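Common to both upcoming complexes is chain A, partnered first by chain B, then by chain C.
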Partner chain A sequence: MTQGGLDIPTLVILLKGAGVSLGLACAAIACATVLAVLLTALAFSRLLPVRLFYRLYIYVIRGTPLLVLAMLIFYALPAFDLRTGPYLAAVVVLAIYVAALFAEVFRGGVLAIPRPQWESAKSLGLPPGAMLRKVIGPLVLRYTLPSYVNVCVMAVKATSVLSIISVWELTLASREIIERTLAVFTILGTAGAFYFVMCLGIDRAGRRLEQRLALRGFGGEHA
Partner chain B sequence: MIEIRGLRKSFGQVPILRGIDLRVDDGEVLALVGRSGCGKTTLLRCINFLEDYDAGEVLLDGQPLWYRTGTDGRRHRVPDAEARRMRQQMGVVFQQYNLFPHMTALQNVCLGPRFSQGVPTPEAEERGRRLLARVGLADRVDAYPAQLSGGQQQRIAIARALAMRPKVLLLDEITSALDPELVGEVEDVIRSLLPERIMMVVVTHALGFAREIAHRIAYVSEGVITEIGDPVQILEQPKDPTLKDFLRRMR
Partner chain C sequence: MRWTWVTTYGSTYLDALGWTLLAALLASAGSMFWGCVLFLIRLMGGRAAALGVGGYVQVFRNTPVLLPIYVIYFGFPLVGLPWPALACGALALVLQNGAYVSEILRGSFRAIDRVQFDAAKSVGLSPWQTFRKITLPQVLVHSIPSLGNQVVALIKDTSLLSAIAVTELTMQAKLLTERTGAAYEAFMVVAALYLVLVFATEALFRTAHRAVRWR
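Showing the complex of A and B:
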């Protein structure tokens, strides 16, 4: 095949790669969300050492390039006799990384809750679980959804870095095809378009959720 | 019955409450009046432990609240779970209503009974509907706070406090944030509660309303209660010079 060829088999390979990228991102986002909720709870602990642990986690993880983090964990895991293969390692790395970003987003959301709301909930004597599920959680979700979607979009694109630890996804698939066909611009352009479409999808889903959750009565709603 | 003994509180170096002694009997409505910054709102918040305090005691029906003195003679906060049970015996209505914006009127009112008191949902909802009807909002049960006027929101806040079946209602300047034409509907709701003889502690600037509903008025000045007694006596024959001055300014 010559330069410029974008035939059906190539497209199928790229589509598969995109599927893997999206799957990795979704798995990582799901794990990271759970992890970030726990981390956020640590951020508001009454115990100073717990709060310090939170800050340490954020500084270390957020302050390390994902590429470095990915290689560190990929090469470190077998040292602990954890032979995970690249895919699990990829999800773990991405989850750990994205969790730090999510946690800061959630922490900001908790800080945005007006003090009177806390006092209302407190004065009702709500137990911590109900307080979280019924008051804090729903408010934080509404306050942070746009920033959360932002990080999700970033997570999808960040999967491309994982090709470095031999995870076969959209970027690695593209590189392999380019090595064979030398169709640099066609293939990278197509891969870029796939990333774009995935991110657009996440953005649209986020917007729809935002509309569904919009606080009623503040205007801007569809009557 | 609520008893407060020797309550003291400072914000940093600034003393806010400087030894409050007070008793509110069952069925009694007590109004706290005074200049802004005199400590009356802080006192109300201390009763519900929304503020901690430095010394003194708050007792509800003889039971000491919020702090315990340990065997080492030091004062400790009660554990959170116990504080929650104590709070459930009180209903608070705030100046700014503070309804939960993501919940309907009914959900706001049912939240406490369902999750703090474990009342089954159908029963909690029935209680909620009854209370909302009682404050004149039977037709707005599914409305969200931002769809309602300030007066309506405050009436829901009162229903939310009542839904806990509290021993005492603590009202913190509940009409101060309202447009003047909405004050009446909220005051009417409070008036309608009087025959039930619910104990109330009411912080207010509305002296006419205080005179009408309160059994006693306490005048708070610079962190102490300088005069307390029958509303007519307090408002018409004040003895404390700062109270005289306060009443002159309020007119």
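Showing the complex of A and C:
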């Protein structure tokens, strides 16, 4: 195969790779969201050591390249006798990484809540659980949605890094094909188009959700 | 972790650190330049140019950096440009980060109060004078924190050059791990080195911002 190089079987392989990438990203985003909510709770703890732990987690995860983190976990897990499949380990690494980004987004959202909201919720005598569910949660959701969606897009792009440690997804699929066929520009162009569609799709879906969730009195693009 | 590890492989790490720094410096400088060019084209080039730059930014914002790295590394030899891997990787980082830099500059430009341009006109400054004395200094000062974040992201992205066999920190850690069979020592050291680099970069940009903020 020389010219073009984009026949139907190749396209099917790339589509499969794109599916794996999207699946990895979705699984990681789901786990990371739960983890990030817990981390955000740590950030507002009354205990200094807990808050310090939060800061350290964020600093270390955000200051280290995802690839180094991934290699660390991939090479170290077998040493601890934790033999996991590459996909499980990939989701774990991505989740740990994305959770740090989400947590900072959520923390910013909590800090952005106007003081009167806290005070009126308290003065109504809402118990802490109800306050979180009925007042703080919905507000944080609306404040943070744009940044949350940005991080989701970043998560999709970040899955490509895992190809370097031989997790088979869109980027590794493309690399395998171009090493065989040398159709560099067509294959990588197609892969790029797939990533573009996935990322832009998430972006647009997020924006639509933002409009649907918009509350009166908390309008504006950044609210 | 055995501390002899650091002394035994110290020179290997230093060598790798040099490659990482070289890649980061080349790519940062290139990104700043390319970002400025894109920003100026968008600012002064009319509608078609603005659309073109906008499309360019969208494409690079919505695709992973690894793709341009592979396109250049595997593609350039096919069109008769056998560049060294480091140059290929740095160029890919410049193309991607330049898009982000241009957006940062554009954001800072839009933060300038319109009244200032009226004021500049009313005191008789020419368009060039307005740009040089009013617009440019404010854009640069306002952009410093975001540019710092971008450089930090770029430093971390140099780890991707290990995919095209540049012997920078990440690649070297992988090689050491495979050669010695030690599970995590190599990566711990490398992670610590990245943290130091990131910390130093953040401090540098914070100092720079503090130095020029009030004038």
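As a convention for this text, the second predicted complex is superposed on the first by the 215 of 223 C-alpha atoms of A that agree within 3 Å, B and C clash if a C-alpha of one lies under 4 Å from a C-alpha of the other, contacts with A are read in each partner's own complex, and residues count from 1 in each chain.
As a convention for this text, a residue touches a chain if its C-beta (ideal position, glycine included) is under 8 Å from a C-beta of that chain, and two chains touch if they have at least 3 such contacts.
Bear in mind the structure is a predicted one, so any value in this text is a computation, not a measurement.
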item: Clash or fit, chain B versus chain C on superposed chain A; value: fit
item: Touching partner for A:R142 - first (chain B), second (chain C), both, neither; value: first
item: Touching partner for A:K134 - first (chain B), second (chain C), both, neither; value: first
item: Once both complexes are placed on the shared chain, angle at chain A toward chain B and chain C, C-alpha, multiple of 10 degrees; value: 110
item: Partner chain in contact with A:G125 - chain B first, chain C second, else both or neither; value: first
item: First (chain B), second (chain C), both or neither touched by A:A158; value: second
item: Partner chain(s) touched by A:P116 [first = chain B, second = chain C, both, neither]; value: first
item: Touched partner set for A:L215, first chain B, second chain C, both or neither; value: first
item: Comparing the two partners chain B and chain C, which touches a greater set of residues in chain A; value: C
item: Partner chain(s) touched by A:V184 [first = chain B, second = chain C, both, neither]; value: second
item: Chain C versus chain B - closest C-alpha approach in the superposed model, Å; value: 28
item: Touching both chain C and chain B, counted on chain A across the two superposed complexes; value: none
item: Touching residues (chain side chain C, partner chain A) in the complex; value: 58-59, 61-67, 70-71, 74-75, 78, 152, 156-160, 162-163, 169-170, 173-174, 177, 183-184, 187-188, 190-191, 194-195, 198-199
item: Footprint of chain A on chain B - complex, ascending; value: 48, 50, 80-81, 84-88, 90-92, 94, 96, 98-103, 111-112, 115-116, 143-148, 160, 164
item: Interfacial residue positions of chain A with respect to chain B in the complex; value: 116-117, 119-128, 130, 134-135, 138-139, 142, 213, 215-218
item: Residues of chain A touching chain C in the complex; value: 59-60, 62-69, 71-72, 75-76, 78-79, 153, 157-161, 163-164, 171, 174-175, 178-179, 182, 184-185, 188-189, 191-192, 195-196, 199-200, 203
